[in-house]
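Okay, got some structures for you below.
Two complexes come next, and they have one chain in common, subunit A, joined by subunit B in the first and subunit C in the second.
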Partner chain A sequence: MGGTMGWHLLRGWTVLVYLFMFLPVAVVVLLSFNASQFGAFPMTGFSFRWFVELAQNEAILRAFRTSVTLGVMTAAISTTLGVLASLAMVRYRVPGSNYISTLLIAPILVPEVVLAVALLLFLNFLGINKSFTLLLFGHVIFTLPFVILVVQARLISIKRDIEEAAMSLGASPRQTFFQITLPLMLPAVLAGALFALTISFDDITGTLFWKPGGVETVPTQIFAMLRNSISPEINALGTVMIVLTVGLPLLGLAIARTLSQKRGI
Partner chain B sequence: MSVEAREARQPWILLSPALTAIFLLLFVPLLFIVVYSFWLRTSTGADQVGFFLDNWREALSDAFYRDILLFTLKIATITTLVCAVMGYPAAYVIARSKGNKALLLLLLMLPFWISYIIRTMSWINILGVSGALNTALLWLGVINEPIQMLYNQTTVILGLVHFLLPFMILNVFVSLEGIDTNLEDAANSLGATRMQAFWQVTLPLSLPGLAAGGLLCFVLGAGTYITPLVLGGPGDAMFANLVFEAIITQLNWPLGSALSLMLLAVLGALVLIYNRYLGMAQLMKGLG
Partner chain C sequence: MSSVHLNNIVKRFGAVTAVHSTSLEIPEGAFVTLLGPSGCGKTTNLRMIAGLLDPTEGEILIGGKRVNDVPIHKRNLGLVFQNYALFPHKTVADNVAFGLKYRDVPSDDIATKVQDALELVQLPDVGDRYPKELSGGQQQRIALARAIVIEPDVLLLDEPLSALDANLREDMRVELKRIQERIGVTTVFVTHDQSEALAMSDQIVVMSDGRVEQVGAPEEVYNTPASEFVANFLGASNILAARCTRRGPEGVDIEAPTFGKLTVPAEKAPNLGSEGPAKLVIRAEKLLVSRDEAPEGVLSVPATIEAVDYQGQAVRYFVRADDTQLQAINMIDQHPFATGDAINLHLRPIDCAALPGD
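Entry: the complex of A and B
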């Protein structure tokens, strides 16, 4: 566009857009190390005291345990369902596959608030009140489409030839699946699980509808703490969350890259 | 059983757990709240089973609900437009950059992994009475007293743009990436200026991505109740806040059902129109 001048303008704009996306989050991290007892500027010094206080706050630790348990169980269930469905969609010719794929991503086409209300009211009607079970069902259903999208995208790149070779060398379908297909699929499965875990860990929209009174996940705990005022503890908790939800996937990515380089794929 | 029959049955066995879950945890519950919306909340607090039109009459005729629905659509429209204006050039730069494309893309994915509540509340640190901006302005001597910049319509839009911008950029990027750059060069060699080549070749070809990003921004923006609670004032309630109020605070589940279905109808109509003209494939490209 308009030569290099225009390109420079566009690049400048892009830098501003990235700053807009990251600066506020960077400020959360910065303020979590603030020695001052108010969660705001000015910075009076560098301190880890808010992280120490976090580790001693029983409510926050409880919220953390709830979030981790919920996230891990959600990831396990929704990855299992998602991997099976993705295998069917990628490996077989399914009649009406267009409709099936739309069905499979339907939970993210419905606004999350509506999904939350529908699930809450229906399961309550069946006698399942606001509970951990309800939270788990809710998290599974809205992480499932994301798992399917991620796993499908990666499954496509695995060639069937290798499996056919194994079969022609005398491996049974079962042996082929466990010794050939599954190891090849592992990165896709892990990516799906990590995605489900992160989404579940971060969710608040549905969680506020489904959680029983007194039970908090980390995001709802932060939300409840915001009602008073922003404290350095919230910023510290935010920092821990950022490190976990950004650090873990990055670590996963790095491990996956190293593994695939070693294998020479 | 023949090999073919087994081959034909296998995908359905693999699909059945996921499809059962979606059927039981999404479609049946949605049908259930359709029924529920015709029940009646009685003064004793119990729900009376039956076929009453009261909730629908209230939801559809009360000016209070209509105004908040219009306000919600207005906020979502502004948010989507701002996302498009901010995001399109950025997506263009990422798609056309050579050296640091991988880094820019990785950075673009990071916000998806940072909790929505944290990104939303981060603006309190920036715009709050003792936030970064007030502190800076006081220090510079521009103002003598901190100003309350938070808790209004603008900060709601700001929070939503911050939350939804990555969706827009990613979708536009995916469609720009799919355009053969030779097309622009061809237009240039045929005498078009770079500007003309962009407006007449690249932009039209990237419209599906812009539409997909716009749809996501609009639907996600119009369905939120957390952002107005954290960054809005008392008068900035959006439609999803009404749903939350009815279901969680007032425990008026029949009315809450009717309100949820209204929101679903409005946003679902948009998704259907989109699907009719552009198809779901574009949307899935951006999401995967």
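Entry: the complex of A and C
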């Protein structure tokens, strides 16, 4: 039967595509537990030694701390700005809000390299040197659209009536925000913050342009290490990165889901 | 409890005027309904009283005090919305208690007041549940409990029954009226449903195109419409172009097509002058379709039935007498007349009303 044949082909092809996408990741994870000192097959035994070495590598630890600090600060600033911008655009009639919205979303549409160079040139023009603040600034610009997209969508679904009811009962606009609006959009706010955190943690293009000398994030550190040699440590680091960037959003999703179930939203 | 006054209120949105100069007086403790089709400005008026919209011109007074510059959260109003607007992340008890937290109510009293309010709306056992676990009718009762537990000066109801099923709507209508009478709060009710307005109100304010068409008690608005719009909007009416020939102390003589000369009681033609063009208003249910001769003092006109709209306990006939098409709504015992039947239309002149003509 031709139909069944077609389905088999399609199924096979799908499997191949998934293998192509995930096999390299699986190889990295597998090799990170390889006891051999060469980061390649055949595996010679199961060992945590590369993770231990990773934990003792001062440069990597420093990069890791930088990445976490940068990610957390980016998430905090982006989320705050994103929530405020979404509130302004959804709840108030701001003149030209369509243009502002497009402008805030634009960093997603512009190729990252262009954005990176543009910001760098602009700050050069202003005579400002590269610094951690600049790096943070760049990451905020780059993650803000994701926060706005998620939070805005949620805010639109929260009926204005509910806030009006709260105010009619005596809550001031500020109390209404903290008692009603914020709790109702909390899942979206958390999702936005996680987005910002993981995107910042993963970013390499912008970071390479913006980071001041001597400062390394985990991705730039890996990049630098790869230029010298392929150490099995990188496999271990890759595994850690995968766990973090896949695990965090999953965790966030789970938290958001339980929250919204408990709250009956 | 407080009275509400609107003094020459105007509301414009850009170039559009939603409410033309409107003055209204809502007495303390009254149940007043703003009735009209969508876009007539009734909700705009309600939102201005609530403080959700600022009037472009004019003054709003609640309890004799000007509130134009008082923000909504300081007006002490109870507000109930069409879609309930309960806080989905709070339990029913927390929803009802919400307004009390912003008032100087000791926390021990809050629980008592919440329970009293839940009992008043006949849902004493749902305090621990979340709004989504309740049916639409139950949610609306909770919304009502939340609005009245704060002992508001004015209760504002924005189409609170429109989202409910037909049967439930009628139950809630009775319920809502019972609760309002029990607590005696001044109530402004907005609806487009004439039967709700007629059943519940002390006073009806009929609105159209941002203007007040008529203010009056339900039977007054129904029996003596002040304009063609009111006559058509409340119930079904036949409106015939006619002439007024004389205004006497006991009645107004009208000459109408098909029905000829008749005398309408003076109080049912308050706005009509002595002579000139007029409109004769005949309520569809005042026109009796019959095979018999009319008794003394009742007009009778031969007519033919053109269409029959059977409604169970009542039937709506579309009939033609001479060149005039009329509708009649009659209660029926058994079988309605059939299309094509030749019948007589009976009409008592005292059931008619008259308006000034164009």
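The rule is short, and it goes like this: the second predicted complex is superposed on the first by the 246 of 265 C-alpha atoms of A that agree within 3 Å, B and C clash if a C-alpha of one lies under 4 Å from a C-alpha of the other, contacts with A are read in each partner's own complex, and residues count from 1 in each chain.
Heads up, the rule we're going with is that a contact is a pair of C-beta atoms (placed from the backbone, for glycine too) under 8 Å apart; a residue touches a chain by one contact, two chains touch by 3 or more.
Because the structure is a prediction, the values reported are computed rather than measured.
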Superposition on subunit A - do subunit B and subunit C clash or fit: fit
First (subunit B), second (subunit C), both or neither touched by A:46: neither
Apex subunit A: angle to the C-alpha centres of subunit B and subunit C, given in degrees as a multiple of 10: 100
Partner chain in contact with A:219 - subunit B first, subunit C second, else both or neither: first
Partner chain in contact with A:119 - subunit B first, subunit C second, else both or neither: first
Touched partner set for A:140, first subunit B, second subunit C, both or neither: first
Residue contacts on subunit A - larger count, subunit B or subunit C: B
Closest approach of subunit C to subunit B (Cα atoms, Å): 5
Subunit A contact footprint on subunit B (complex, rising order): 7, 10-12, 14-15, 17-19, 21-22, 25-30, 32-33, 36, 86-87, 89-90, 92-94, 104, 107, 110-111, 113-119, 121-126, 128, 130-132, 135, 162, 165-166, 169, 193-195, 198, 219, 222-226, 229-230, 240, 243-244, 247-248, 253, 256-257, 260-261, 263-264, 267-268, 271, 275, 280, 284, 287-288
Subunit B-facing residues of subunit A, complex: 1-3, 6, 10-11, 13-14, 17-18, 20-25, 27-28, 31, 38-42, 80-82, 84-85, 87-89, 91-94, 100-115, 117-123, 125, 137-138, 140-141, 144, 146, 148-150, 152-153, 198, 201-202, 204-205, 208-209, 218-219, 222-223, 226, 230, 234-235, 238, 241-242, 245-246, 249
Complex interface listing, subunit A residues touching subunit C: 159, 161-162, 164-173, 175-176, 179-180, 183-184, 263-265
Contact set on subunit C toward subunit A in their complex: 50, 52, 71-79, 81, 83, 85-89, 98-99, 101-103, 130-133, 143, 146-147, 150, 156
